[in-house]
Structure formats: C-alpha cells, structure tokens
Amino acid sequence: MNFEEIIKEVYEKKKLISDEGQLADYIPELKLVDPDKFGVYISTLHYGHFGIGDCYDRFSAQSIAKVFSLTLAYSILDSKTWERVGVEPSGTSFNSLIQLELEHGIPRNPFINAGAIVICDILLSHLDNPKEDFLAFVRSLSGHGEINYSDKIASSEKKAGYRNVALCNLIKAFGNIENDPVDVLDFYFDLCSLEMNCEELSKIFLFLANDGFTLHDQRQILTRSQTKRINALMQTCGFYDESGEFAFKVGLPGKSGVGGGIVAIHPKQYAIAVWGPRLNAKGNSYKGMRFLEEFTTRSEQSIF
Amino acid sequence: MNFEEIIKEVYEKKKLISDEGQLADYIPELKLVDPDKFGVYISTLHYGHFGIGDCYDRFSAQSIAKVFSLTLAYSILDSKTWERVGVEPSGTSFNSLIQLELEHGIPRNPFINAGAIVICDILLSHLDNPKEDFLAFVRSLSGHGEINYSDKIASSEKKAGYRNVALCNLIKAFGNIENDPVDVLDFYFDLCSLEMNCEELSKIFLFLANDGFTLHDQRQILTRSQTKRINALMQTCGFYDESGEFAFKVGLPGKSGVGGGIVAIHPKQYAIAVWGPRLNAKGNSYKGMRFLEEFTTRSEQSIF
Amino acid sequence: MNFEEIIKEVYEKKKLISDEGQLADYIPELKLVDPDKFGVYISTLHYGHFGIGDCYDRFSAQSIAKVFSLTLAYSILDSKTWERVGVEPSGTSFNSLIQLELEHGIPRNPFINAGAIVICDILLSHLDNPKEDFLAFVRSLSGHGEINYSDKIASSEKKAGYRNVALCNLIKAFGNIENDPVDVLDFYFDLCSLEMNCEELSKIFLFLANDGFTLHDQRQILTRSQTKRINALMQTCGFYDESGEFAFKVGLPGKSGVGGGIVAIHPKQYAIAVWGPRLNAKGNSYKGMRFLEEFTTRSEQSIF
Amino acid sequence: MNFEEIIKEVYEKKKLISDEGQLADYIPELKLVDPDKFGVYISTLHYGHFGIGDCYDRFSAQSIAKVFSLTLAYSILDSKTWERVGVEPSGTSFNSLIQLELEHGIPRNPFINAGAIVICDILLSHLDNPKEDFLAFVRSLSGHGEINYSDKIASSEKKAGYRNVALCNLIKAFGNIENDPVDVLDFYFDLCSLEMNCEELSKIFLFLANDGFTLHDQRQILTRSQTKRINALMQTCGFYDESGEFAFKVGLPGKSGVGGGIVAIHPKQYAIAVWGPRLNAKGNSYKGMRFLEEFTTRSEQSIF
C-alpha cells in the first residue's frame, strides 16, 4: 500500500480548505498557537514511516494523553479498572456533570474528563512518583526521552479549570476518588499538558496496532486482549459525542485532543497522527477529521 | 480457520451455564417462547457455513430487523437519511424519550426505537406497498421465500406498545414524521415481528461482511462505503446502552433483538447468528453475549 | 377597598403598553383571536363586582379548566387523588416528558398537562356521562347555563395534539392511566376547549376565596381544608415554570391558560379574571401578568 | 387567638409519635445531636410569645441561614439580586448540579445550595468584613448578642463538603461567581454553622410577618414589597423539593434546615419556630412538619 502518495495528495488538498474551526478557548494558553499549523505522520508495521507538513512541531496532547494514563492503569489493575469507570459511550459532551450525578460518580468511560480524573486517582494510589513515573512511561513508549510536560499549559489550566474541579469534587462526594481532589487535579492537569509532535504520537500509539508490543524494542505493554479492548474503547468513546461520526466516516479507532491532535490506528497496520489546531463544534480538529475521512476513503481501508 | 470446531466447543460449554437472563416481558407473546432454546449459525465468505443447536427454529427478529429497514432506506435516500436521524450512540436506554425531547425529535441513531420509527416513516413515503415490498426485500437478501411476519407478535405489540406510540407522537410533534403516526407504528410493529432462524439471519447479514454484495447471487445491495458505515453504526450503536461493552468484549459490529437473537459480522470473513431467549438487564441475549465473547477470544479474531 | 377605581386606572395604563407577547401558535384555531382584546372582571365577597373592557367576550379557557377538573376529581376521591398525581412544582415546562419518564408516570402536579390528563382519566372512571356531567358541574359553579365546549377548538387540538398523545401514552405505559388513551385524550381536549368570559371565570373561582362555598347559592363544593389545598397548589404550580415569578410579583394563588386568561383569588376577599391573548415566553398572558402585578401593588394586598 | 393552648396540645401529641426520620448524616458533627429533642416557640405581633420543650437549646441553623443572607444581599442590591439567581422552584433536590449545568450557572432560587452560594459571593463583594458583618446583622435582627457561628460544625462541613465545592466551581466556570471559590465556600460554611434556638429564630423571622420592620426596635430591614417577595420565595422554594407539600399541608411561607429546624411565618400575625433533629426523606424535620400541619389545621389559619 503506497500510503506516502495518498497522504501527500490528501494533505495538499486539505491544506487549502477554508478551515471553519476555532481554537480551543477555555485554556488561555492554547489560544496562542498558530491556527494554520497542519502536520501528518504515519508509522506502519511493515512499510516504514512518513511525515509531512508541521509533523515535527510539538503541541499540547491534551485528551490524547488519556490513552497513556488508561494504558498504564490498565496494565496495573487489569479488569479491576472497570470497577471504577465504565466502558460505554456517554452520549453527552466531554465535561458534563449530569450523567455523573445520575450514575452516582461512576464515569461512563475513561476518555471523558470525569473518567480520566478517576484514572489519575488510580495512578496516584499506585505510583511512587506519579508525575515522574508517568513521564518515564510515555517516553519509553515513544522510544526517546525528549517528551515533556508544559508548565505553562498546566498552570494555565490549573487557573481556569473550575469545571474539572467541580467534576473531581462531585466524584469524591460519591466516594469514587481515593486521594485529595487537589492532588488528583494537579496530576490530571500535568498529564494533559504533555507536548509531543505527530511523529512521536504515531510512534507511541503503534503498540495498539501491534497486539500490545512496541515496535522499536518489542516490549509488551498490554496483553493482546487488553490491547483490543483499548482499541474498542477508542472506537466507541474516543471522540466525545462525535465518536459515532468518526467511526462512521473514518472507520478507525482513535483519540483526539483539544490541542488539535488526532491519532488513529489500524490494527496490524499503522498508527497515524494528524495535527490542525482549529476545532469543530464538538472539540475535534476540523482539518484532522477531514483529512482522515479522505485518507481512509482513498486507501480503501478501515476496520469495517 | 476452523470455525466449526471452535463453535462446537464454545456451544457445548455455554449451553451448560446457568442462564441468569429473563425472557422479554413487555411483549406478552414473547413470554411464551421456550427459554432454554440455544442455536448458532455461521456463514462465511470462504469457508462455508455451519450450524448447531436450535439454529433452524425461527424466532422473533425484533430490533435486528432495524438493520434491514435502515439498509433499504439508505439504499433509497443515501446520505439524505442522516438529515432525519443521527449516527451517535445515545448513551441511554433504547426507548427513552428524554434525549428525543432535548434534541427536538431527531433520534440519535437508527437503532434506538425512535430512530427506527423515523426510518419506517421514510420507507412508508417511498415504497408503493410498504409491508409487501419490505418483506420481498428481506426475502431477497436471505435467498429464499419462507420468511414472514408474525401476526400474533405484531398484534401483541400493537396492543401493549404505548411507549412506542408516545415516541412516534413526540417525533411527529417535532415535525420529523411525515405520515400518520398510526400508519407508521403499524408498519413498525409488523417489521419487528419478522420471524427467522439463525441460518437465515447469518445469510441475510453476509452482504455486510462482503462489501455490500450478497454472496448467493452477487447482487449489490449497498456501496462499499455505505456498507462500512452500517457496520460502524452497528459497532457504536447496535446494543442499546451495552454497545460499548459489546465492542469491548466481542469486538465485532453486530445487532441484537429482544427476541434473544444476536448477529455479528466480521468484515471480509463471516456473519454469525446466535439465539438464546433469556435477556440480560440491558435487553441483550445473556447466552448470546457470553457465546460471542468466548468465540472471538478463542478464534483470536476481532476487528480491533 | 375601592377595587373599581384601582382596576380602572391600572386597566387604562396597561391597555396602552406595547404588548410584546405572541398568540399561542400550537393550536391553530387560537391564532384567529383578535390579539388586542383586553378585559378584567372582579367578583368580591363583600364589595360587589366590577368589569371593564372585553370582560364579556368569551375565550378559550384552556389550562384554566384544569382547576375545574381537579376540583371535581378531588371532591370525588379526596386524598386518594394524590396517589395518582403529586403536589410539587415541576420546575420544567408544561408539556415536558422528561420528568414523567424519570418519575415513572406519576405527574408532578395536576396543572401540568400530564397531571391534568391523569385527572381526566379519574373523571372518566367515575362519571356516568363525563362530557355532559363535567359541563353541568362547571355551569353550576358559574350560576348560569350558557358556558359551552368549543367543537372548533377541540377538533383543532385533536388534530395537532401529538405531544399530548405522547404524554398520555407514556403515562399509560407506566400503568397510571386506566382508560383507553384515545378516550382520555378526547375528554381532555374537550375540557380544554371550554369557552367563558372574565365575568364567568371570576364567578366560578369565587368558591376558592370563600372557604369552598359558592357565593350565589351557598353550596359547598369542597371542604375548607380541600379549598386551601387547591389554593396552595395554584400558588406553587399554577403558572408552569413561571409560578415562582407569579408568587413573587403578584402574590396570589392563580391559574393561567394559553387562551390568554388568568384568574387569581385572594382568600376571604375576591376572585379576579384578566384576559389578554398575547402570551409571554412562558405561555402566560403578557398583559394579564403586568396588570395583576400592578393591581396587587396598588391595592397593597397579597397573601404575603 | 389562643395560640398557647393549641401549641401545648399539638406539642404533647406530636412528642409521642414514633419519629421515622433520620439524623442528617452528611455532616458528621450533626450526627452527635440528641435525636429526640423537640421544641417550639411562637412570637406574635399582637399576642405576645410562648415557648415549650427544648425551645431554648441552640442547634445548627443550616439552610435557615439562607434567609438571613438573602435578606442582607437583597437590602444591598435590591432587584439586581435577580440577575444572579432566579425565583423559581427548582423541582429537584437541594444540591443537584444537573439543572445548574443546563441553565448555565444561574441557580433557580436563593434557597437551593447553588443559589445560596451565589448570594454568599454577592455579600463577599459588598461587605468589608463579611463574617463579622453578617453575624452582627443576624444578631441585630434577633435583638441580642449571643448568637454565634459553630467552628466545629463549620470545619466538619469544610472537610466533607465536596459536593458544595463542585457546585461552587461549576458556577464559577459559568462566570457567576466573582470571588475565589475557596473564599466563597469558606463564608458559606460559616454561615450555615450559625447556632440559635427556637426563641431566637422566631424573633429573627418576625420582621417578615411585620412588613419588613423588626418588632423589638421598629427598624426597617426591607421594604414592604421586598418583604412580601421573600415570603413568596419561602412559600414556593423554602423546602427543597417538598415545597409544594409544605404549602399544601401547612399553608404558610417558611424555611427548613438539615439541623432539624423549621420556621414559618403568618403575615401580620406571627413567626413560629420548631426543632426536631430527625429528618424525613426530603431533608426536612419529620416532627416539625407534622407539628406545623396540625398547628395550622387546629388554628384554622393559613394564608390560603
């Protein structure tokens, strides 16, 4: 499969579209990003890798990092993870408190904010040095040591993240947070502030296309079954209340972040990362969604 | 892949489990079914077909028929279908009116009752003899002419289906039903009353594993892209508010019905139908779910 | 207390305000009413009665009739009434299905549509000739025999009342409707179609200001305690989700209808009816609300 | 009117009932109270005052204090108060986040927790020394200087009040809190910790029965119109989602707290305070509700 050619063509075409999206506005620091950035990077199991555009510029991973924290928690607790958080699409927006109240503090899935906060609480209870250990874990997935938290982004969120404070305290009120909400949120905001580029993102996600093994050092991160389950979760819950649309139009498991990044994986084949900072109304990269839709149409490959 | 052996083993094992499920109780006629029935049938693209247990007993397709009506409507209206109904998981139970009210009469997806009722309305507006034409369409998918509506089941639902009457009239109040609610519901209840067995079900669904073409007469029912989209919809929305769980544990697109049937497809490979009338708390076949979970684990095949 | 003078002054002043309200649009027939009609009538226990403006023009009572049906049902079932319907403000709009679903078919109070439909079901089960008996009851309250149903209004609602059909069938699905939903709705739409003028309305409501006794023939309709309870219900629930506002600004128990009528009572003193067909955003008469607010301010009388 | 005799009789009768209520359990310190305490105190405008039982024991005012903070804020901001908080019954439980989210951070009324928190924010912005000034205000209403905050209760709530932290941060996220949530909550928990006895409570509330003037020093706290409006608000919103029931059964404006206190006022007549620590399922004093229901029935007086 000549992915390189397809990516080039689709990239050039989508680069020109008038991007109707808006920069994320609820994290002040994210508004400073150049809105016209656009990059793509694919890492495959059998056909090498290829990048184009701003694929080496680092940006804020935001919710994409929820896949890393879930992976680490799942590798520690295995199926006990699901006693604290569900595996169903929420059907509501990513930061809604309504469902959480009706369902007594058990978040629908680990990819909405409430669920990711519970996962942070789990890591806090199981890691010796949560912030350092988590960073080391992400770096080991990527194969090199330059990935870092952004203090600027983290402190920008810590100042304005009232809704996440509300979510975390509501879950605590229901008894599903073990640690002090202040510490849990501190870790959560750090985690969301991770910065990486499309190349790094696609490399990190490659183990999910490879039955749980990293490609660069053949280390097993998750079992085959666990890997499939993370992929299934990304398919049904990875794009907030646009998850159905993404499955429908792109047809691959993936995860997006309000920093404008989207990563999608094709099991046994590849991981592809796209970055375009302008977001559509549902909080997903406008250009990223359009690129991936055409990419899977042209390559005539999806999991369906 | 030796599906036959795996199916035999898993069938025998699951046959013995204590089935904690309950017969559907809101359609009086469905309570008369023998609760211990259990059958499985697989139709593959390349390795033939195989059935076991009560796989030739016909049962009530119920919500599984929503895939047939969606397929027919989609083949008529193409993307205009999605102006009337969405493609997102609902996050709520199959017959909830709450979301419908908040979202002004546009059902979340075509597999919840509200969405299926809108699809019936579309068919009513486009078919000359809806009831006859629809039956002919389903028969043509299966390759033979013995499939029929059950008047008993249909009239049982027509008598007790107050909640569906509520749903249809609420949608009408929002202007998203064109025909008389009485006619729409009449057609809807007929459609849900279709009776077929596991063999027929797996044969009908095979076109979804075959890029939109029937296997028995190589007729194109949907385009390749449309086919993938129906599969994506089944993956994210096919099991009410247990869709995430099914993706998570089974890892295949599929559809269930309160008659106790479940069909799942593996693109490019097979369609498999299971029948066990006792339902779990979410309204899906208890044994069917357990069977499919172990079947895909043993066969080490899922789309993820 | 010189009510006549105050009413004259406030009437003239409010007659001139630019009425920002809109005619009810969901019942086609109601759109044919002259939007500038404006009438007021007060009936007192000790100081006679007085009318001004279009106070002798009949209009559609609509939801105001819910007080009559509740009164009749309450006089038949006494406290058993509250096993079928609650006495709490709904906090939502008058025709919402959401709360009804969450609370399993027990409507919050008898003045939202769902509650009034349940009251109709009660009357249907207890009256020999519901339509005739109910009309006779209303006429007896008013003291003369000219009040009638409007077939035009009733049939206009029967054609377009899909949401009420939805409400009634949802309640039936929960088991809180005894009769056939078609019959219940038929009676409900008839009841809402009652036509009367401000004079008649204020005379009918006078028993609620008079400890349960009619003034014209000293007949006891309800006990003193029952009367107080109906008044309390009107205070907390009489104006849909503007009930708090009405208590806050006007300070009297009352009931409004989308025909543009409002009746309020001052216990031991009077019943006052106002009519202005243009409705504010909450479905209450724009001029009626403004008139009553100034009337109770000027007369320095409210129950608080 | 011989209130004393009626109170004595009803008190003795209700003292004996088996109290099915439970002590408030979400504030640990409140669980230490003797559950069988029972006291009543009435202060009238024209017939003196009278107390019985544990009417001189101080207890935690809790939500009753929301009337004092609203009064002070209303006397400062007048109608601008209602730009920040509504005047409608919520229809939901006192600490629900759902409605707050749907209505973008504008609480339904000042008596649910969310609304009281907004009122605290207003006071924080307008008082020089909020904690001291507020205490002085309450003392001045009561006529003597012994009322105090309870540090024990306040710190007990500060430790366990996660849900209120969630509420305050959610409102802040919507922009309807001006100050730091930590300071607002600190003040809110102090305010709820005020301790007073039935005598003091009934004396404080007497200005609401007296057109806005204190009885002991004839000072005007609110205008006549403002006073009526506070009373209307207590009538429609003073008892969480049991406000309708209280209007229905007792027929007076009032306010309850989870410390087991209830105060009710009869305009132009009296203020009555009851204390019984066991709460019914809605969070209102079990004995207090029963006492007041029979008291207004016997005295044949209510505002309706």
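Labels for the chains are A, B, C and D, by order of writing; each one numbers its residues from 1.
Basically, contacts are C-beta pairs under 8 Å (C-beta built on N, C-alpha and C of every residue); 3 or more make two chains touch, one makes a residue touch a chain.
Model, not experiment: these values are computed from the prediction.
Asks: If I average the CA coordinates per chain, which chain comes out farthest from chain B?
Replies: So the chain farthest away from chain B turns out to be D.
Asks: Just how far, in Å, is the C-alpha centre of chain C from the one of chain A?
Replies: 55
Asks: Could you give the separation in Å between the centres of chain A and chain D, each centre being the mean of its C-alpha atoms?
Replies: Roughly 47 Å, centre to centre.
Asks: Just the number, please: Cα centre separation of chain C and chain D in whole Å.
Replies: 32
Asks: Could you tell me which residues belong to chain A and also touch two or more other chains?
Replies: none
Asks: Can you name every chain pair that touches?
Replies: Every pair of chains meeting the touch criterion: A-B, A-D, B-C, C-D.
Asks: Going by the contact rule at the top, pick out the chain B residues touching chain A in the complex.
Replies: Listed in rising order, the residues are 86-92, 99, 108-109, 224-225, 227-229, 231-233, 235-237, 241-245, 247-249, 251, 253, 267, 297, 300, 302-304.
Asks: In the complex formed with chain B, which residues of chain C make contact?
Replies: The contact residues of chain C facing chain B are 96-98, 101-102, 162-163, 165-167, 169-170, 172-173, 181.
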